[in-house]
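Chain lettering (A, B and C) follows the sequence in which the chains are written, and residue indices restart at 1 in each chain.
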Amino acid sequence: MDKCKRLALSSALYLALFMGAMIVLLPIFWMVITACKQPGKAFEFKFWPKPTVLQGACLPLATVPQDGSAAFTLEYDPALYPKMPFARQVTAAGEFNGWDKTKTPLQFDGQVWRITLTQLKPLKYEYKFVVNDTNWTPDRARDPEGDGNSVIVLQPGENANKVLADQTKLVGNRLQFQINRPQAKILQIRLASQKDVIPLTQDAKGIWCGEAEIKPEDKLEYSIEQPQTFSEAWHELYTLNNFKKIIAAPDFPFGRFFFNSLIVASLSGLLTVILCTMAGYAFAKKDFFLKGTLFMILMSTMMIPGMIFMVPQYAIVTNLDWINTYMGMIVPHLANIFGLFLLRQHISIIPHSLFEAAIIDGASEWQIFRYIVIPQSFPIMVTLFLMTFVSQWGNFLWQLIVNTPDSDCRTLPVGLALFKGQYAQDWEVIMAGSCFSILPIAFLFLIAQRYFIEGMTKGAIKE
Amino acid sequence: MAGVRFENVGKIYYDKEKKTEVAAVRNFDLAIQDKEFVVFVGPSGCGKTTSLRMIAGLEEITSGKLYIGEQIVNDVLPKDRDIAMVFQNYALYPHLTVRENMGFSLKLRGIPKAEIAQKVLHVAGILRLNDYLDRLPKQLSGGQCQRVAIGRAIIREPRVFLFDEPLSNLDAKMRVDMRVELAKLHKQLNATIVYVTHDQIEAMTLADRIVVMNNGSIQQVGTPLDLYNHPTNAFVGRFIGSPAMNQMKAQVVVEANVVYLVAKDVKIPMNGQKANILRQHANETVLFGIRPHDLIPSREPGNRFALMRLLDVIEPIGNESFAYFSINGEEEKMWVAHCEGASPVAEGEQAAIVVNLENIHVFSLDETLLA
Amino acid sequence: MTKGMRENLVSYTFLAPFLLVFVIFLAYPVFYSAWISLHKTTIYTSWYYPFSEMKFAGFENYTSLLLDFELWWSFFLTICYGFLTIPTGIFLSLLLAVLLDNKLKGKSFFRSAFFLPNVLDLFVVGVIWILIFAPEFGLLDILLKKIGLGAESGPVFEKGLLGNAWTCLPAIAVAMVLKGAGFGMILFLTAIQNISQSVYEAADIDGAGWWHKFRHITIPLVKPIILFMVITGTISCLTAFTEVYAMTINTGGPTANPFGHSLRAANLLGYHLYRNFQDAYYGKAAALSFIILAFASLISWINIRIIQPRRK
């Protein structure tokens, strides 16, 4: 009975702890999962792919022209325009609307901006895209190298590009499809104006064919249920492209940002450790003029909110011409009072006789430091290095301040903030960027957590 | 090798908390000969360590001059004094192996690796440490640690060895073994050794000469037997010898031309040279002392002078016994008598305690020797 | 050269690099800050050399700040934020520490899991939380809908937790408490494990119950940790910036209308300082940092008084 109770209690405890851990770690899981999702799927409450998926869609297809006029779909795929700013609004302007950029807005479907122009005369048209009302750009999908206007030449009665159907043709007032999806199980296509489903037949090659009479201004609706393998379904939900996109993005040199962060964090860590160990040694084992006073002054600055230093540090860095340099990011934070305190505490525990033995053995001051102090306080030095590394890796505010927006020394958090501004809705990509900043630290923590925990508790439980 | 000479050396510490000066060593005058084994003894806090550390150069000399060999070393850095020191708590470098610990000083001097390795092996051979060379200090026993510490000292072949209570962290058995080993080592090395201890057995067995210190100044310097037989003051008398010398205040009384030491109902006649000296101090209060070995309990005193006392406690050690009795009926003032083998008189019985009148030491009240 | 002089020389050589950085980047800035706080930027002040063309303004920065309702609003918000984060943080970490103090298999796994968020970049974590709190599509909304809260369609929280003036600050607080709980947990865990087991055994023999032991042994012995957490918590609340910057997308939160002023609902003091700095009111920003210092010392002093009453 008692055993039962204890068992129940401990499983309840485990459950509670597990739930707690999940909640605490939620942001990390959420970040990683989102970063791996296909574009536009960030907010879909779907984490496990189901092998058979219903692909439901309603797509406006070209209204079939009655009079032999042509239809044409314009597509603006942001992926093709890496140098363009993030698109909030895309319109098309050309000979078909008298170069009026307000008349023909494109719709965003999560991946591409698109509009289907109908009722066009079978002619040659020049046109351009207008992004965010200001940037005029040619249609890269049609002429990738083009700088001037893009051109389409339309034949009567024919759609110049494919949307849904692999082949859609108008014969008289009948629309004929051919859909090359042999695997699809049920394929339903109907016109918006009619209730009935258009009967489809499958030919020998597995291509679905059908035809229907069409009215002006009509729309085509389709739904396909296509059996997928698990891997297909998986890839429909998850992708690594977001990471690739970040690494490849030309105006966000993430490699560079990452490298900068690495340099800033590790140099800060290294130098802080050296400075703190040297000073800590002096305070722990030496007797010198004004020692007590100096220590008091140093310790009391620990109480001052860091904000107070921000403005003048910025001023000094400006005057030293250290804006946009590693120096500006690293040097101002090297005098880590907490680190000094940590090292002093630790070194003062080293028995005094060890130092005297070294003196008798003929060690110079520097040799004592090198052969006694450093080996003896190495674990705590590692701790301080890690703590500094982590805090400088994420020292967003300062790095933001000492870097102008065009700096080459921008670090990951700064770059990420900028990136976020530009890809405001591309959550998958933003999260992928965040992964670059979070995961190295999480990894570092997991392999060296002993040092982290030791250092943080040592510092806190002082008196 | 070289001797060490103190010339009126003094050391004053400044106590920061109390803002007072503490004289740890005063008017220290001592000449240690080359190859001599000198032991500093004295009660805790008497300045033994301080004196030793002044030789090492770990402590600044406040006044006077210190010579090592013929050189004044007051302002010479420790590393330039050519001395080696063995610490009470061993002070081995915890992160270095035994081999590296011993070779450390040579490494700092930039001696080639091969030569260091060879010397380490040689010294390890002397100290029987060959099997432990690759261990860390924490994997060694106390005795082994101390041997490593000694090895670290002798590998450099310094002019002077300094030992600060090297055996006090060991258990009793180990201490005896190491003591013998140190004595052997001294013969082998033929080196000048200054050794600090508060264990007088160590001092007596090891020393060529003992320096007894109290309150920062030298009380007496001499060979162990010299100190035992001829203490020049009451403190040395009390401090050297175990169990300690029995001491008591007494009045010098001359009755019918015989000199007596009188304390209440104790009345001890003096004779020979001592009586002559004491005669000049008639009616003065003096301090007299007698070693337990000069008080022998027996059934019959025969024709010798004896005190009749009740034996309160008898401690049989085996080959000898100590008998405790109260003198003058004062409970707290127990005297000790000594006899070979078992005591002839049982606990709680009346015994005749024979006093060896030859070996009575008489001091003035300020503790200096009178007779 | 005497030993003392040598020692001084050696010590200061070891101290020199640290002191150099300290004097230039910590000590001097305190005075520089004081100087700047008495000056104003002028129209000639350029972004790159902002301090060359400043004009003496006396205590104008201080008075204008102190007379501005916005500062007191920020102060009020900061205090609210402190009350939201510090007690909950302490409670949560103490709870975790007590739970993990058992002889539990996999203890170290939970310890790492709870501690991990602590070392992560505050800014990025903040951004992730935006995503979780987002209206309609955010994880929180979806989960709440799954358990049947909110309307069939549309968001559970109109404009999301971060978009609502009443819930913005608490939402930030929740995110920060969850992030910081592990740190306190480790501190408490160390302290609790340092309490000698024999003390608890003695209490067992006296027949003390679980609560009694917790109340009369654990709590008094972890009191220094609580004090430490309160003081560091206070300072981090007073200087809280990154979380606000990240989670309100540098806006300071939705608009609130206290007493007819139109102000931001998450405009904590630290963020207020940053805004002044960002808008190139360097003098005001510096003055504000001194005001924050004054608040910090005052509150720390009160904390120490309350938690550690004078030993008589």
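Here are a few things to note about the model shown:
Operating definition for what follows: contacts are C-beta pairs under 8 Å (C-beta built on N, C-alpha and C of every residue); 3 or more make two chains touch, one makes a residue touch a chain.
Just so it is clear, the structure is predicted and the values come from calculations on it, not from any experiment.
By the count of C-beta pairs in contact, the leading chain pair is A-C.
Farthest from chain A, judged by the mean position of CA atoms in each chain, is B.
Between chain A and chain B, the centres computed from C-alpha atoms are 77 Å apart. Per-chain Cα centroids separate chain A from chain C by 26 Å. Averaged Cα coordinates give chain B a centre that lies 63 Å from the centre of chain C. Across the complex, chain A meets chain B through its residues 351, 353-354, 356-364, 367, 371-372, 375-376.
Partner chain C is touched in their complex by these residues of chain A: 10, 13-14, 16-17, 20-21, 23-28, 30-31, 34, 42-43, 45, 274-276, 278-279, 281-283, 286-289, 291, 297-298, 301, 303-313, 315-316, 318-319, 323, 331-335, 337, 340, 365, 369, 390, 393-394, 396-397, 401, 413, 416-417, 420, 427, 430-431, 434, 437-438, 441-442, 444-446, 449, 452-453, 456-457, 460-461, 463. Put simply, chain B touches chain A in their complex at residues 56-58, 78-79, 83-85, 87-89, 91-95, 104-105, 108-109, 152, 156.
Residues 7-8, 10-15, 17-19, 21-22, 24-30, 32-33, 36, 48-51, 96, 99-100, 102, 104, 110-117, 119-125, 127-129, 131-132, 134, 136-139, 142, 175, 178-179, 181-183, 186-187, 190-191, 224-225, 228, 235, 238-239, 241-242, 245, 270, 273-274, 277, 282, 285-286, 289-290, 292-293, 296-297, 300 of chain C are the ones touching chain A in the complex.
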